[in-house]
Structures are given as C-alpha cells and as structure tokens.
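What follows is a set of structures for review.
Here chain A shows up in two complexes: once beside chain B, once beside chain C.
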Partner chain A sequence: MIKSYKTRRQIANGIIYAILAIMGVIWVSPLVWMLLHSFRAEGGSSVHYLLPKEYTFDNYIKLFTETGVINFPRWFLNTLIVAIFSCIISTLSVLMVSYAFSRLRFKARRPLINIGMVIGMFPGFMTMIAIYYLLKAMGLTQTLPALVICYSSGAAIGFQISKGFFDTIPRALDEAATIDGATRNQIFWQIILPMSKPIVVYTVLTAFIGPWTDFILVKIIMGDKIANYTVAIGLQTMASQTYIGTYYTQFLAGATIVAIPISLLFLKMQNYYVEGVTAGGVKG
Partner chain B sequence: MKYIDYVQLSPLEKFTHKLSSFFTNLPKHIGNFFSAIGRFFVRLGKGIVNGFSNYGTRFSKGDGATKLSYLVMGSSNIVRGQYIKGGIMLLLEVLYFLFLFTFGFKYLGKFGTLGDTPTQSNMDPVTHRMQRVPGDNSMLILLYGVLTIVVTIVFFVFYIINTKSAYHVQKLSESGHHIPSFQEEMKQFGDEKFHITLLSIPVLLISIFTLLPLVFMICIAFTNYRPPNLAPNNLFTWVGLDTFREVFENKQGANMGSTFLALTEWTIVWAFFATFINYFAGMVVALMINKKGIKYKALWRTLFVITVAVPQFVTLLIMNQMLQLDTGAINILIESMGGQQVNFIGDDPLTAKITVIVVNLWVGIPYTILITSGILMNIPEDLYESARIDGASPARTFFSITLPYMIFVTTPYLITTFINNINNFNVIYLLTNGGPTATEYYQAGHTDLLVTWLFKLTMSTQDYNYAAAIGILVFIVCASLSLITFNVTKSAKDEEAFS
Partner chain C sequence: MKMKRIFAVLLASALMGSVFVGCGDDTSNGGGDTTNSGGGDTTQTAEIEDGATLKLWGPNAALATLKKQAKAFEDAHKDKNVSVEVVQMEENDAGTQVLNDPEAAADVFGFASDQLTKLTMAKAIMPLYKDYEDKVVKEHSKSAVDTVRGDFEGSEVVYAFPETDNGYYLVYDKKVVSDEDAKSLEGVLEACKKAGRKFIMDAGNGYYSCMFAFTGGLKLDGVEGEAQDTQKFNEYDEKKVSASMKAFGELIKKYKGTFSKAAVANISAGFGENPRQVGAGIDGTWDTSVNQKALGDDFGVAKLPTINIDGTDTDIVGMIGYKYIGVNNNTKYPEAAMALADYLADKDCQQERLNDLGWTPTHTGVEVKDNPGITAMQEEGKTFVVQANIIQAFWDPMGNLGNQITKDKADLSDASMSKLLKDTLNNING
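Right, the complex of A and B next:
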C-alpha cells in the first residue's frame, strides 16, 4: 500500500487532532464540572449524577449574604488586604536585593548569594513553629499583619529569577549614566527599573497571587480564628468533613470566584512567567 | 578538539560534540564543586585570621581615641568631629548591653542545659489548693538564646565597622584630609554604598523571620523536644545526634526507622515519576501542538494552560471531590459506562499511589507545555533538515535530536523540578492527605512524602525534633543536588556574559 506524502501527512495530522481533542476534554472537564456544579440548584452535598438538573445563581448569592459560619466576603477582603500589602513589600525587597546582587559589586556579594540559596533549599514550613512563637512573642498571632510579615519577609530569598533578568541588561548603560553624573540610586530607579517592565510585572503578580493560594501558614497563624481566614484556608475548611455536606455547592462557587481572577491574571502574564522561569533555570 | 576544527563541523556534529563534552565533563564538574567547597573553607579561615590580625594592627597603630573606640564605640569619631556617627555607634553599644543585661543573659545562661527547674504543682499551704509554679521554658530559652546569639553577631559586625572607622578617621585627620560630615556620608548610601541601602532591610527581615527560625529548628533537631518533654510544662535538653539515630531506628512500637525508609523510597519514586513522565508527556504534547500543519495552536495551548492558571489548591480540592467513592464524578462516570466503582485514594496503597501520579500528570503536563514550547521552537532547524535528508523517521528524529537537545538545554530545570517534587506538599496534602492510612507506619499514610510527614509530625504528634531532623535530611539531599547543578550550569558562571 503506497500512499502519497500528502495523504500520509493528513492521516498523521488527523490522529494528532484526535489526541489533542481527547486530551483537551480530559484537561478542561474538571474545571467545567466545577463551573456547572457551582450553579447547581439542587442543594445538599454531592449528587449521584454528572450534570446538574437545574441551574441557579443562589449559591453565589448565598456565599456573599449568609455570612454566619462561612464568612466568604470577609475572607475575600482579608486576602485582598494581605495580598496588596505583602505584594508591595515583597516586590520592593525582591527587586532591591536582586538588583544589588546583579549590578553592584561589593565584598559580601558572593557569600550573601550563596547563603540565600542555601536558606532557600530548606523545606519552607520546617520553620513555621519557630515563626509562630516569634509572632506570638510580638503579640501578632491571629492577626492579618502577621500574614503580611510572613509572606513578604522571606520573599527576597527568591531573588534568582529577577537577578537573572538584571544580568542581561548591558553594563554599558550604567557606565554611561555614571559618566553623566548619575548616582547608583538614580540609575536604579530612573534607568534600570523602567527598562525591566517584564520582571517587575512578574514579581508583582507572583507576590500578589501568593496569599490567595497559601493555606499552610494561615492555618498555623490563625488557628481557630475563622474571621481572619483567607480564601484558600476558608475554601479548605468548606471542603472539610464538617462543612462539605452543607456547603458543597457554595464551596464550588467560592472556588470559581477565586479561580477566575487569578487565572485571568496568569493568562495575561504567562509570557513573563515563562521568561522568568527559563531565564534562571535553563541553559542557553 | 581545536576551535578551528570545531567551527568546520556540521550543525549536527557540533551539537553531538557539545552534548558528549557536557556528559564527559560531568564528573570533573562535580569534582570541581567539592574542591570549591574545600577552597571556600580555606578562604573563610584565612579571612578570619586576617580579620583578627588587622584588628590587632589597627589597635597598635591607633592613638588614644582610637584605642578608646575599642571599648567605647564611636569615641574616635566623636573626638574628630563626626558627632552624629559616633553618637549612633555609642547608642548602639548602650542598646546592645541593655538588651544583653535585661534580656539576653537570662536565656543565654541556661542555653547549655535549656533550663533546670521544671514546672511544678505545689499544695499552697494556706489555701490548700494546687498551685502551678512555672519553671523554665526550654523552648523560649532556646528561641531567645538563638535570638541573643544572632543579635550578638550583628552587633559584632557593627563593632568591627566601628574599629575600622575609628582608625580611618584617625588617618584622615593625621594626613590633614577633610573629614566627611554626616550629610556627606549619608550621600554615599545613594551611590558607592548603595548596596547597603538596598540590602539592609531585606536582610534584616530575612534574618529575623527566616534565618532565626531556621537556626532554631536546626537546634531542635539536636534536642529531645517531643512528648513527653513538651514545653512549657516539661523540660527538654540537648541530646546530640540521638535524634538522627532514632529516626533510623524502630523503637517501642514506634516504627520510625521503617517509616522513614519507606517514605524516602516513595518520595524518590514519586519525584522521579512526577518529574520525568510529566516532562516527556508534556514535551510530546507540545510537539504535537507546534507541528507544522496543525491549526488553532493558540486554542490548544490555552486549553492546557488554563489548568496551570487556576490556583493549584482549587484544582486539587476539586480533584479530591471528583475521586471520592460513591459521589465522585469520576466514579459516577465509570458506573454509567457499566464499570465497577474504584476506591481511588481510600483503600489500596498501590491504587492510591498510581492515582496520585496520574492526577499529577494532569497538574504537570500543561506546565511542561508552557515551559518547553519556546525552547522546542528554538531548536536549530538545520538539525532537523540534515536528519530529514539522511532519511530519519519522525520517531528517530525525536529520540536522536529533540530529546537529547531538550535534556541538554533543560537539565537545570529538570533538577529544580525534581527538587520541587521531593518537596511537593500541595498535591499530596490536598489530594490524599497521606492516605490510605498505614498502621505499620509511625504517623504516616501510604502516600505521605517526607515533607507531609514532617508536617504531620509537627502538627499532630508534636515530635518537633524528628520533624526538624527529617527537614535537615531532606535539605542535605536537595542542597547537594542543586549545588552540583548550579555549579555545572553555564548560567552560573556566565552571569556577566551580556554585560
């Protein structure tokens, strides 16, 4: 059986289309399932059929109005506040540290870079007990500032990606600016930062998304103070044995509400993200 | 091979040459890495010796005011007109000693034993009620002891800066140079000393909230801080390396040792599959999407990438719901197609492990697509052309060109992913929470990774010392893996290639 090159290619492409279509369905269906069931009108816990029989907006409305036990709007607000503050602090400290390590030369540079890398390699939550007692000594446990401190204080450890970016900006720029009489302070704020939009965007977005997705630290710091929960731990609470029976559809609605803005942010910044990850971690 | 020979090679030969030299040089790189560690310690030792000898030289050459600075910080600066700078140094010294006498010594004195007076309950002779007499709190002694040590080290750095500055202004005034005013010195922090301005606050934050807790937890690994020695009611103390020994032992029905070995094995199996299956499968899908003649590339890409975009904890919680017995969507689907329900994550260890790895495919493949797409399109086209002229089949091209090229280019990424998978807390914790339960393990389920076990040991059984020891062991593995790669990779050496 001899086929022309063209037919062979068409068959190959057809197979690829089929595989991609099947995989696409598998990949998207859990999300579609989440979306559909978040509109399910039949209340109660999980149901014994795949597609909801009736659709309603009630789950979303309840999520924002019935705030007795599950105070979703409050959690949302908490997360927003924590995210904004820790975003500002961590972005500044990451950019400052990576700029210093990348473009300034001083004696302690190498040792500090190495120490930073070593610290970054310990399992993060190994230290949470100590952090908890430190915060307790400061009287900050079960408060939102404690979360801001936790998310932003260690952020600078992740300097590598933006350092990789700063490394690629030609040094001739700094030299030219120095000759023109600019101080290093001015070079940083007025020349390098405006040129580094991709990495600034990347740092801002990752710092902003962080608090929306972490649930371990919140759990330890907030303990039983449900009012100060963030959405991640809140949703996990809703999905726990105690609540899932009553709050099943509302849990899905909440998950959808959190997922949509974050996904949009991510889709917008995916190119920056790929650039960031590959800049630091891939051989050129 | 000489450079002139290398330039004349065809692209394919150039590439194979690079690839083979990368692998043949690997042992050398690893050797270099260890000798670099050796050199580092030699340099460190030399630095310390030099530091002390300079410290002595400055003292012997210093005049009265400089010598006084060795005791009363800032005096040399004050004598020579730098009142604010000298005043700040003096204030630092006063504050440090205040801290030491009101706070530090209290804890540092007991640091060696971590406390000797246990909390007791006594009968009050007057009221005849039981009364709690608080004793030493080993945990706080350790935490604040470490804090005092960190503060002392920071103070010591300032002290050395002070002696240097004292001698420096002495020389300036002796040679008749202008002694900079406080304002002039502050200006330097925007220019020559800009790194200090940039680094001071982040380093301070990291020291308090990352480094200090880390040192504390490392110390915990060398104590017996676990039930029944729990602070504040009971004391715990230093036990040297006993904790590490106990982690490998089976003692008193607590199967620490066998649990540790079993979980280590599973962690490595998991990290291996989670890294490499995801990598290969993701790359194949990326190749399919990028193949010439395939339409709607953006649509296919978005379909997959959207699952990366949704926060992981959301998708994993949803997945957990979908995998449930009886009510989970997947089991309903199986049943509606006439199959038997499967208890994916609740019963059989092997089923659960396979399920976790498969679900992780769902999580990880889009991620690989995202990362590798760009690199795949950067593979030099002439490599493929020469292969096509030689009559290579698509499969042969994949295994002989694409795969070696990708592995070559993305080794650092692969190792980083491998390490992240060893520490992949989210997938296991949210999907199975370690289950199905294993009675033969100590506080762990069949799918628990070392890190989730560490978490359970801390949160539920309060075996803090075991958790810390396991954390250190995980760290040693990850650190050696990644230090080797970072030293092997060009990017670490060529950081100034563009400048």
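Right, the complex of A and C next:
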C-alpha cells in the first residue's frame, strides 16, 4: 500500500489522464484523418495506409474550380444564405416568444406553452410530406426561400431554454423600467436582450447549424433542382456509389470546408455558449 | 375578445392547411387516374401532342449524350414543336424521386431495375402501349424484357424500355492475373496470392453474396410477372446449393489473407495505389471507367469465372439487373413521352451510347465490336438470375449468408451449410 497521499493522488491522476488522453485521441482521430486525407494527392477512395504519401491542395482547388458535375461553391453559398437567413429569423422569433411567455401574463399562456411542448415532441420529419405539398401549393418547392421558411417557422417551439433563462432575470428590472416609462417592446430590446447574451448566442448557434446538417428535408424539397442543393446533399452525392471512386478526396475536402464556418462561429461565441446552456438549464 | 380572434385565426389557418394538403393529394391521384386508362391495352399510338414540353432525367455520366439524343428527337418532331429538357438525376435515385412528387418529376426517366417494384406498386410508371411493347419484345434481349414485365390491372404488360444492363463482373490487373487465370476463381486467387495482392469482393452484401447460393442452382420463383412480394424458393436441390456454398467457403478459407471482404470502391482504390494493392475483384459495371483509369493498359475484364464444386468446374451465377427508360404515369404528354422513351431505347441511340459511354446495349441489333466488358456482361445475361421484383427482405439475409460463409471461423460442414441455407430462405420468405 502506498502511504503518501501525494503519490497516491499522482498515480490516480496519472491513470485518469491516461484514460482521458486515450479517449481524446480516439475522439479526434477521425477528424484528423479526414483533414489529412483531404490533402491526399493519390486518388481513389479508401487506401490501406493511415498517412497520405503525398500532400496537395488540388482537392480543394478542384472543389472550387471544376464545377461542371459537382458544383460545390454554389451549394456552399446556398447553404450559407439559408443558414444566415434562417438564423436571423429563428433567433428573433425564439427570443420574442420566450420573452412573451416569460414576462407577459395572458389567458392562453399556459395552454400555448403546453401545446408548444406537445408539438415539440413529434419528430420533425413526420410532417415532411405535408410540408412539401403546402410549399407546392404556394409554388415554393425547389427554391431556397422554402428552406428558410421550413427552418425558421417552427423554431419558436424551442423556446424552453431561453424562457428558462429569461425567468432568471429579476422582474424588478422590468418594473423599474416600466416606472420610467418604457414599453414592453423597449424592455425587451434595451433591457432583457443586452443581459441575455449567452442565450442569444446559444440560439444563434443552434439555428445556424441546422441547415448545414439537415438532409432529408432538402432532399425532398429540392428534387432534381441540383443548382439549389445544399452541402449536405452535395456531400452525400459525392460519396454515392457512382461518384465515390472519383470524388472521394474532394468529398473529404468538402467536409472539411463545411466545418469552417460553423467552427468559426463557435470559436467566436464559445465563451457565451457554455454559460448559456447552463444558465438556461437552472430554471426550466 | 382577443382570445376569440386568436382562435379564429388559428382555426382558419388550420383549415387552409388541410385544404392545401388535400389539394396536393387530389391532383396527384387525379393525374394518375386519367393516365391509367391510357396505358395497358391501347393498341394504337396516337399522334404526338403539339408543343409538348418534356423533362428527361438521366445520370450525370450520360448527360452529354442524352442531350445530343434529345436534340435529335426534337429535330425529328419539328412540326410538332416538341421540346425536351435534360436534367441530371442518378438512376439509383430516380424511382424515389418520382414517388416523392410524380408531378414535379420528369416525364421520361432512366432508372435501375431495383427501383421498379416501388414504381409499379405506386402506379407511378406507365405501361408501354401495345405496339411499343411488341417492338420491345421483338428487338431487345429476352432477359432485359422479362425483368420488366408485370401485371397491370389484370393484363400482362411491359413497364419500361430496356436501356442497358447493370451488374458486376471480374476486373483484374493483367500484370498479375493472366486471361487464362481469369477463367477460374481458383486461378484468380492463386495468381493474386502469388503476387501478394488482394482479391476484393463485397461478400457481406446480398447483391454479390447471392452468387454463393445461385451458383448451386438456387432460383427465385415469382421473378417474372405478377408476384411482386411472393418470392419462394421451391425449385432447388438443397444438396447442390449447400455444396456450392461450401465450395466458396473452403476456397475463401484457403486463400485467407488474399480474399478480402470490402466494398467495391476499394477495388479501384487498390488498383490506383502505388504499388498496386489489389490484383482482382468483383466490381460493378458503373466503376469501369475508374478501374480503367487506375490500371491503364493492364485493365482486364471478364465474366465471373468458374468455381470447382466437388470436382466439376461450374460457372458462377450471380445477379444481373438492367436499367430502363420509364414514362411517368403523371405526364401531361403521354404520347410524346412514350415516343421519346422509345426513341432513346432504339437501336441508333443504344449504338451511340455504346460508342460514347460503353453502355451495353439491350437491343439485339446493336453491333458490339471487340469489347470484352460488354461481351462479359452479355455472357452473364444468359445465365444470371435477373434482379427483378426482389423483395426488400432479400438483401439482409443474403448478406448474412455471405458473412457466415466468409467469416474466419466459418463452420463449413454440410449440415451447417444446409441449415444456413434454410434459415436464409426462411428469413427471406418471412
């Protein structure tokens, strides 16, 4: 038995860190592999060795220049546009709905919160066919606005976390502002929002990531309109049976590039992110 | 008061919603009904509609050629002012996309035979008019037409125009495997082993692993015609099928380390590496160009080789599918669409696609000169089990059969092979 507390602690920590390090390596290795092989000069799909033999930027250059078959820049731009618009709209609507539910007292408040909760429990793709035909009736299928509508219109259902956050802000602030003559609207924009940076950031991030990862809805809405695809379908196309032999390394390059805007936004906002999730969770 | 107004708005929007949804359903059904009466027994082909605008779906690989052919079709029907728009849609996805929204889908579309069942079940594809049917039956290879026969409201019909085949064959590096070696699986494996190269087959995938059983004479009943979901395996000799499975298992065991169970994309990748890692493999026709690029002059292709079962060299029997050109049941211009599909499936267009793209013709009148890949596919077409009306429950049990036979510690005794076969068939038949 080791007597010294210090050595015991060191050994325990050593073991814990070793385990953590191993888990970390396991977790990161696919990403590192993807990054390395996106620079692979040798063509073909999978190779039997771990590290590429030659490195090149060609995969990235081709991805953005050879747009005859795989129009990645166009798809990337589509996704970016959709992500930005749906991010703005859904952030605003989520925050406004949460504010109303948190601060205003009206008869339908409880029922509406409950309805929101119940609807939120249904998986989104359940209504997909109905959504498609609604969009078709409006003549919006195969267009980018359709995607923006889909991603942002239902967003307000996810009000719970930000409502929880708003609930933690003392009502005394509202009251003080009211005495000073502020309207509900002014209170929201000038008092509550500046105090809620973490939750705003959280909402922005989740709303922005959605369009980059969604696949099924886009696939159904866009059909054969290849020019309006988003990166998710684009990447899937590149990895499909007929293309994978030729486009595998470009597919990896594309996957890496998709990660850039999301990572940038995340890095920029990550300090608030953690705070936002935990703060909102205190009182849900 | 306020509450009432909110409720009114909510109710109104819900009603609006249901109206819209109803609309969508109605129109698609209505469209289907009107055209259904047009298919089937019509014997006389009517005139092409004036000013028909058609959308044609084709895979990216064939887009340039299809555009050329669509242009030629437009020119041939200048008096009717027909226009054809060619849009990219891969054949393995076309059926799904047609079903998603038949009205937005193309009027004429290329699709692979595995998509046929869902298209016919949803009545999304228009059976050929009688005179086109007669022409197709007469001029195209029998197995290509048989695969696409079906039952439509009581009468036997042909559902689509055969375009090309879709299957797999043996590809090999000529530096490693000689043409003589390529005649038997034993020879191929031995040559690969000698060179220290791998032989790749996707043996855990039912599409390929079915050859373990089919080579022994297992046949699908109900492949032709009506029975879309009743696949029974009544006609087979259990001993023979088990013996075939065992022969594959033993051969694979003997060449452990050379035989590699991996997805087909690894074949071209292995050919492309420096030094090459793969000596041969069973790969799909769709990968021909990447394999050719990787191997250059060393590219060899042949029909699946023989395997020695209990002392006799037996031809391996796999599965062969076809690609078709179908007409959307919801098309506004059925006559023009039918005519376009017929034109694309006809001899001249098939010849052109053979020259441009290397697509095997199904039209018996097309001349094939000195093309081993196409000869291989045509040879396989004679004996292979056609991939038609295959139920969804076929693939996983068949894949499992492949996994069981090829796994490291497979029990290859006669009893266990028979049991595996029976279990597989039970799982498929449900």
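One rule holds in what follows: the second predicted complex is superposed on the first by the 262 of 284 C-alpha atoms of A that agree within 3 Å, B and C clash if a C-alpha of one lies under 4 Å from a C-alpha of the other, contacts with A are read in each partner's own complex, and residues count from 1 in each chain.
In this text, a contact is a pair of C-beta atoms (placed from the backbone, for glycine too) under 8 Å apart; a residue touches a chain by one contact, two chains touch by 3 or more.
Here the structure is a predicted model, which is why all the values come from computation and not from measurement.
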Between chain B and chain C, whom does A:43 touch in the aligned arrangement: first, second, both, or neither? second
For A:142, select first, second, both or neither according to whether it touches chain B, chain C, the two together, or no partner. second
Once the shared chain is lined up, is A:223 touching chain B (first), chain C (second), both, or neither of them? second
Chain B or chain C: which reaches more residues on chain A? B
If you stack the two complexes on chain A, which partner ends up touching A:72: first (chain B), second (chain C), both, or neither? neither
Pick one for A:34: touches chain B only (first), chain C only (second), both, or neither. first
Using the superposition on chain A described above, determine whether A:117 touches chain B (first), chain C (second), both, or neither. first
Quick check on the superposed pair: does A:272 touch chain B, chain C, both, or neither? Answer first, second, both or neither. neither
Tell me which partner A:133 touches in the superposition: chain B (first), chain C (second), both or neither. both
Partner chain(s) touched by A:247 [first = chain B, second = chain C, both, neither]: neither
Residue by residue on chain A, keep only those touching chain B in one complex and chain C in the other, then list them. 45-48, 106, 130, 133-134, 137, 220
Residues of chain A that touch chain B when the two form their complex: 9, 13, 16-17, 19-20, 23-24, 26-28, 30-31, 33-34, 45-50, 93, 96-97, 99-100, 102, 104, 106, 109, 112, 116-119, 121-131, 133-134, 137, 149-150, 152-154, 156-157, 164, 167-172, 183-186, 188, 209, 212-213, 215-216, 220, 232, 235-236, 239, 251-252, 255, 258-259, 262-264, 266-267, 270, 273-274, 277-278, 280-284
Listed in rising order, chain A residues that touch chain C in their complex are 42-48, 53, 69, 106-108, 130, 132-134, 136-138, 141-142, 220, 223-224, 226, 237, 240-242, 244-246, 248
So, in the complex, the side of chain B touching chain A is made of residues 139-140, 143, 190-192, 194-195, 197-199, 201-203, 205-206, 208-214, 216-217, 285, 288-289, 291, 293-294, 300, 302-315, 317-322, 324, 326-329, 332-333, 336, 362, 365-366, 370-371, 373-375, 408-413, 416, 419, 423, 425, 430, 451, 454-455, 458-459, 464, 467-468, 471, 474-475, 478-479, 482-483, 486, 489-491, 495-496, 498-499
Per the contact definition, I'd like the list of chain C residues that touch chain A in the complex. 2-3, 6, 17, 20-21, 23-25, 57, 59-61, 87-90, 92, 97, 100-101, 104-106, 265-266, 268-274, 277, 284, 286-287, 290, 294
